[in-house]
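In what comes next, subunit A is part of two complexes: it sits with subunit B in the first one and with subunit C in the second one.
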Partner chain A sequence: MPLSLNYLVKRFIWIFLVVVGVVIFSYVAIIASPGDPAVKWAGNPRGPNASLAIELARRELGLDKPLHIQVLKFVSDVFTGNIGLSIAYKIPVFEVILRRLVATLELLFVTYLIAIPLGVFLGIESALHRGGKLDTLLQSLGTVLANTPTFWVGAWLFLSLILLGAYPYGRVDPKLATATGFHPITGFYLIDSLIEGNILVFANVLSKIVPPAIAIAIYPVGVLVRLTRALVSDTLLEDYIRASVAWGVRRSVIIWRYTLKAITPGLVQVIGLAFAYSLVDAMAVEYVVFGREGLGSLLVDSLNYSDFRIAIGLVIVVAVFYLLVNTLTDIIQALIDPKVRL
Partner chain B sequence: MDAVLSNFMKLLKSSGLKLYQDLTKSTEKYIRRTRFKVGLTITLIVFVLALIGPWVVPYPDEGAGYVPPEASLREKKPPSLTFFFGTDTRGRDLFSRVIMGVRSAVIQIITVIMLSLAIGLVAGILAAYFKGVVEVVLNYLIELFISIPAVIIALVLRLALGPGLLTVITSLVVTWWSWYARVTYVYARSVMEMDYVTLARLSGLNPLKIMSRHVMRNVLTPVLVQAVTDMGSVLLEASTINFLGLGLPLNSPEWGVIMYEGLSVLEIAPWVSAFPGIFLLITALGFSLVGDTLREEMDPRLRRRWRLWF
Partner chain C sequence: MGVSISLVVLIVVGFIAYQYVWGPPTIKQRVVVYAYNDRITGIDPSIEDDTGLVIIGLVYEQLLRYNPITGELEPVLAVAWNSSKNGTEWVFRLREGVVFHDGTPLNATAVKLSIERARDVYVETGRGAGYIWEALEDIEVLDEYTVKIVLKYPQRLDLLVAATYAAYIFSPKALSSSGASSYLDRKLEEWFNRGNDAGTGPYTIEYYKPDSEVRLKKFDRWWGWSLINNTQAPDYVIIKILPDPQSQYNGLISGEIDIASSVPRDYVSILLSRGFKAYNLTTYHNYLMFFNTRRYPTNITEFRKAIACALDLDEAVRLAMKGFALKGSGIVPHGFPGFTDGLYHQCGLSEALQYLSESGVQTPVRIEILYQVDYEETRIFAEVLQSRLRDLNIELILNPQPWSQLKEIAKGVWENPENTPHLIVADWWPTMPSPYDFLYVMFHSDSKEWNFAGYDNDEFEDLLDRAWELEGINYSEALSLYRRAQEIIFNDVAGINLWDEVRPFMYSARVELPPKCMNPLYMYVIYFQYVSVRI
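Then we have the complex of A and B:
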C-alpha cells in the first residue's frame, strides 16, 4: 500500500490547522478594518437612537468582548458549521455556499472533461511533430491560450451564441424545468436529470453548461498542450521506449499505452493545480457573463449586500477546496506512481 | 535584440548561474530568439506607453474617467478617425481610456510583484536558514496564504476597505508572496546544502551576511525569472478582480473595469470590451514570452534536443 495512515492523519491535522488560520485571518481582516461591522449589522441607522441600535448590534455580534474571545468563539462556530444567517439570503451561510459550490463544481467537471482529452491529445501531437510547423503552431497556441483572459472569451462566446439564436443564459430553462417537473436532488443538474430520466432537461442543461465550460477550459488546455509536449518528449527518450521500438511494438501502442501511462503522474500533478486555479475563472465567467448560479453569483451578491458573513464563508470554503484538491492530487499520485510513497 | 539577449544571459551568468552549452538545433534556437524578441518588444512598448500615455492620447481627461457634457451625444460610436477605438458607454474616447489603462496595468503588476518578491524572498530564505520552529511556522503561513485565491481576499478587503487600488494590490500581495516564499525556500534549501555555506557558518560569519551574500545571491536569479513569467498572470488576476467589481471603481482607466462596462452593450458596441481584452492578452503574452525564454535558457532540461526514434 503506497499510502500510509500516518500520512493521512498528519495531512488532515495540517489541513485543520491551516483552516483555523484562514478563519482567524478572515475574521481579523473584517474586524480590524476601518468601517464598523456593527453599524452595517444594525443597517446603517440614523436618528436619535442610532447609538443604541449600534450598541445592540455590537452585543449581538459579540464585538464587545475581547478580541481573543471573539476569535475563539468564531473558530468554534465555524467548526460546528454555524456562522449565522446570511445577511443577503436570510438562511445559514454554509447552506447558501454549499448549494452554489455544487453548481460551480459541476461546471468545473464538465470543463475538465473537455480540457484534459483535448490538451493531452494536442500535446502528444505536438511532441510527435517536434520541430515541425504543427509543433510551433500548437506551442504558440498553448502560450496564447494560457494568457487569454477567460471572461473575455466567455463574453465573445456568449455573444456569438446569441447571434446564432441559442440562449446559453442560466443553468436550466425554468419553463422547461417546471413543465417537465424537474426537481434537483444532488444539485448536479446533469446527474439529477439523468436520474429522473428527463432527457429534455438533460439536453437543455448540457447546452447551457458547455459554452462556459469551453471558456474556462482555455487556460487548462493551454497549460496541458505545453506540459504534455515536454513530458512526452522526455518519455520518448527513455530506454524502454527504444527497446519497444526495437521489438517492433506498434507505434500507436507505444504512444497511447506506454507513453501515456508514463506521463500520467506528471499530468495529474499539474491538472490538480490547474483545477484549483480554474475555480477563480469559473467564478468570473459563470455569473457575470453566463448568468449561472454559482460561487460567482454569490460573490456578486455578497458585494451588493455588504454580506461579510458570506465573504468569510467563501474564504473558508474555497480554502478548504484548495487544500482538499491538493491532498487528493497527492493521494492519486501515490496510488498511480510506484515511485511516490506517502 | 540578440545583443540584449546575450547581455541578459551574461548578467545571469555573472550572478552565479551555471549555464550549459547550447545544444539545440538552429531552428529551435531561431524560434526561441523570435519569441524573446516579440516578448521584449511588447514589454518595452507597454512600459513606454505607461510612461507617456497621458501625453499622447487625444483626450487625456476622458481617458482618466471624466465625462464631458457633450459626450452624451456620441455614446457607443464605432471606431472612426476621430475616435480610433470608438466611444464607450458614456461617450468617452475608448482609445484614450485603453491607452491610459496601460499605466494602471503596469502599476498593478510592478507593485504587486515587487512587494511579493521582497516578502517572499525574506520569508523563504529565513525558513531555509533557520530550520526548526521558524521553518515550520513559515511553511504554515505559506500554505495558509497560498490556499486562498486573491479574488476571494479581494472580496473581503472590498467589503472592509471599499473599492480602490489598495484593495487590488493588497489582495494580490497577500497571496503572491507565499508563492515566491515557496519558490525561494525550495532553491534556498538546496543552496544551504552547499559546502561554502557550511564553511561560512563554521568560520563564524554573521548569519545576515551568509543569507545576503551566499544564499540570496544564488537564489535571486531563478526567482526573478519566475517573477517575470508571473507578471502576465498577475495582470490577468488583477483584471479579473477589477472585472468582478472588487477592485478599482467604475470609470477607472483599467482594462478589467472597461471590459465590465462593455459587457452590457456587447451586442450593440462590441468594441468596448474588445480593445481592452486585446491589450490585456498581448501584454500578458509579452511577459510570459520573455519569462519562458529566460527560463528555458536557464534550465537546459527544458530545451533538450529531441532526437527520437520515430
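Then we have the complex of A and C:
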C-alpha cells in the first residue's frame, strides 16, 4: 500500500494547523484595518439613535470584547460551522461562499477538460517532431501561452465573440432559465440542466462557459505543452521504449499507452499546482469580463463592505483548496507511481 | 486519445452551433432583466434603509406615494385621507379588496402593526429609518379599513407615509410564518432577509440571492392591474446585481440585460448610436463636499470661501459627471421641496485669492481631501480641484477610501478633527420628502454619524427645528425657513452641494419605460407594472 494512515493523519493535522493560522492571521489583519463592520451590520444608521445602533451591533458581533477573545470565538465558530450571517447581505456566510465556489469550480473543471487533453496532445506532437519546425512552433506557442495575461486574453476573446454575434456573458441567459423553469440543484449548471433534462439551458450554459474556460486554459495549456514535451522526450529514450520499438510494437501503443503512462505522475504533480493557480486566474476573469458570479468579485466586495465574515471565509476556502489539491495530487501520484510512497 | 478529443470537440462545437446558429427558442413569457449597481443589504420592509429599496419598492406599498412633478401625494393603499386643523390627527381610509401575497386581506390592523414596528425597532435598536415616526403618539383602528394616527406635535403625515423607507405595509401573518413571538423578535427580520415577503405590491419574490440575483414574479392578484391595464407588463423581473459599470455595458450589448442602471457615462452615446435608449432621471441623489470646520485651516471661514471660489462647479459637472448632473445649489437637490436656486458661489480666482489673503493662512499650505475610491466621478472631481487649488498655492493631497473606511474616518471629525481630512466628499439621497432629511442628518450637531463637517451652529439648528415643527401647520412658511437655513450653511461654507445626479438608465428596444415608472424619491426602483416588454 503506497499510502499510509500515518501520512494522512499528519497531513490532516497540518491542514488543521494551517487553517487555524490562516483564521487568526486573517481575523487580526481584517479587524485591524480601517472600516467598522458594526456600522454596516447596523445598516449605516442615521438619526438620533444611530450611535445606539452601532453600539448594539458591535456587541452582537462580539467586537466589544478583547481581541484574543474575539479570535478564539471566531476560530471556534469556524470549526463548528457557525460563522453566522454575512455582514453585508444578512444571509448565512456558508450559503454565499458555497454558491460562488461552485460557480468558480465549474468553470475550472471545464477549463481543465480543455487544457489537459490539448496541452498533452500538443506536447506529445512537439516531442515526436523534436528539432523540427512543428516542435519550434509548439514550443514558442507554449512559452507565449504560459506568459500571456489571462485577463487580457479574456477581454480580447469576449470582444471578438461580441463582434461575431456571440454573447458569452453571465452563467446562463436569465430569460431562458426563467422561461424554461430552470432551478439549480447542485449549483453546477451543466449538471443541473442535464439532471432536469433541460437541453436548451445546457447548451446555453455550455456556450457561456467555454469562452472564459479557454481564456483561463491558456496558462495550463502553455505549461503542459512544454512539460509534456520534456517528459515524453526523456521517456522515448528509455530502454523499454527502445525495446518495444525493436519488438515491433505499434507506434500508437508506444506513445499513448507506454509513454503516457510513464509521464502521468509528473503531469499530475504539475496539473495539481496549475489547477490551484488557475483559481486566481478565474477570479480575475470571470466577473469583470464575462459577468459570471464567482469567488473573485465576492472577495473584493467583502473587503469594500467590511464583511469580515465573508472575507475570512474566502481566505479559508482558498487555503483549504490549495492544501486539498496538493494533498490529492500527492495521493494520486502515490497511487499511480510505484516509486512514490507516502 | 485522438478520437476521444475529436468526439469531445464535436459535441462542444455542436452544442455551441445549436445555440448560436438556431438561436434561443421563442420565449412565451415576458421576462425583463434589470442590472442594478449595488448589493442588496436587506429586505425587511420596516428596517431596511439602503439598497434593498430596489426590491421593497416593487414588493411592498405605502399608504401614499409622492409625485415629484406636482409635489402632491397619490393614493396607493390609502384612497382618502384628512387631518385635523392643528395637524395632529390624521385619518386614512384604506383601499378595499387589497390582498397580501400570502392571501390575507389588507386592513387597518396591518397598517398599525407596520408603522409601530418601524418606529419601535428604531427606538429599541437605532436601526432603520423609524425615526420618521418620532412624532407618533398613537394609532387607532377605527374600523376594518380606517385608521387614525395621533401625533405628539403637528406634522405633514401625508408626506411621512410616503417616505422612501420605514413606511411599507406588511402582512401580520408574517409573524406566525416566521415563528416570531413579537414584531421585535429577530426571527421576523431573519425571515424577511431569507427572501420571504409579505407585501401587497405588484411583484412577489421568487428567488433571492442578494449578492447576485433576485427574481420577482408578477402577482396576479395585485389590486392595480385592472386600473393601469398594462397587458405588456413583465411576468418576471430579474434584478441582476452588477456593480461594475463595464460589466453592465457588456451585459447590455450582449442582450442579456434589458435595463442598466449604471453604464460608464462615456459609453452612453455609443449605446444610443447602437439603438439603445436612455431614460435620464433627475435624481435627488447629490454629492456634497464637507469642510472640516474643526481643523486648521478649514476652520477659517475665509479660507473655505477661497476654496469655494476656486471651485468651478460647471467644470466639475462637465468633467466628473460627463454632463449627467445639475449644478448644485444650496443643499437640497433640484425638484425637491425646499430647493433654493442661485445658492452657489459665483466667484473666481481673483476673489479666491482675496479671501485667501483675508484668511491669514500662509501659503504654500497642504490640505487633504477624502473621497470614495470606487466612484470615478469623485476621483475626477478631486483631481480637478487639486489642479484648481494649485493656482492658490494650496497643495491638495488625495485620499481615496472604500465607503466603510471613508465613513469611519469622516465621522472622526467630532472626536479627532486633527486627524480627519480637511475636505470630505460624500453622497446622499433622502429618506422622506422633507428638506429636514438633508439638513438635519448632514449638518445638525446631534447627527454625529453623518455630519462630516463637524458643523455646530445654534442659529441654524433653531431654524431647522422650527421649520420641522411648522411643516404640519404652515408648510410654505416651513419651506421658507428651510431656505434660510441653507443660506446660513452657504454663508458659512460648511458644505457645498456639488451636483444633483442625472442618471441615464440605458435600455434596449424590447422594453418601453414610460415616465411614471421611475420616481426620484424612490431611487433605483423601477415600477415594472408600468413597463412594457415585447416577447
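The rule is short, and it goes like this: the second predicted complex is superposed on the first by the 311 of 342 C-alpha atoms of A that agree within 3 Å, B and C clash if a C-alpha of one lies under 4 Å from a C-alpha of the other, contacts with A are read in each partner's own complex, and residues count from 1 in each chain.
Just so it is clear, contacts are C-beta pairs under 8 Å (C-beta built on N, C-alpha and C of every residue); 3 or more make two chains touch, one makes a residue touch a chain.
Owing to the predicted nature of the structure, the values given are computational and were not obtained by experimental measurement.
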With the two structures laid over each other on chain A, which partner does A:V318 touch: subunit B (first), subunit C (second), both, or neither? first
In the overlaid three-chain picture, which partner chain does A:F158 touch, first (subunit B) or second (subunit C), both, or neither? both
Could you tell me if A:S26 is touching subunit B, subunit C, both of them or neither one (first, second, both, neither)? first
Regarding the shared-chain residue A:A179, is it in contact with subunit B (first), subunit C (second), both, or neither? second
According to the stated criteria, A:R99 is in contact with first (subunit B), second (subunit C), both, or neither; which is it? second
After the superposition on A, what does A:L200 contact: first (subunit B), second (subunit C), both or neither? second
So in the superposed three-chain picture, is A:N49 touching just subunit B, just subunit C, both, or none of them (first/second/both/neither)? second
Of the partners subunit B and subunit C, which touch A:V340 in the superposed model: first, second, both, neither? neither
I'd like to know which partner A:V288 touches here: subunit B for first, subunit C for second, both or neither. both
On subunit A, the footprints of subunit B and subunit C overlap at residues 33-35, 158, 162, 288-289, 303, 306
Inside the complex, what are the residues of subunit B that reach subunit A? 25, 27-28, 31, 140-141, 143-144, 146-153, 155-162, 232, 236-237, 239-240, 243-246, 259-260, 263, 266-267, 270, 273, 277, 280-281, 284-285, 288-289, 292, 302, 304, 306-310
What residues of subunit A sit close enough to touch subunit C in their complex? 33-37, 39-40, 42-54, 56, 85-86, 88-91, 96, 99-100, 113, 117-118, 121, 158, 162, 165-170, 173-176, 178-179, 200, 202-204, 206-207, 210, 256, 260, 287-291, 293, 297-298, 301, 303-306
Residue ranges of subunit A touching subunit B (in the complex, touch as defined): 14, 17-18, 21-22, 25-26, 29-30, 33-35, 127, 130-131, 136, 143-144, 146-152, 155, 158-159, 162-163, 230, 233-234, 236-237, 241-242, 245, 251, 254, 277, 279-281, 283-284, 288-289, 296, 299-300, 302-303, 306, 308, 311-312, 314-315, 318-319, 322-323, 326
Listed in rising order, the residues of subunit C that touch subunit A in the complex are 1-2, 4-5, 8, 12, 15-16, 18-20, 24-25, 27-29, 31, 33, 39-42, 47-50, 122-123, 125-129, 131, 190, 193-194, 209-213, 215, 236, 238, 240, 242-244, 246-247, 250-251, 253-256, 374, 401-405, 407-409, 431, 441, 446-450
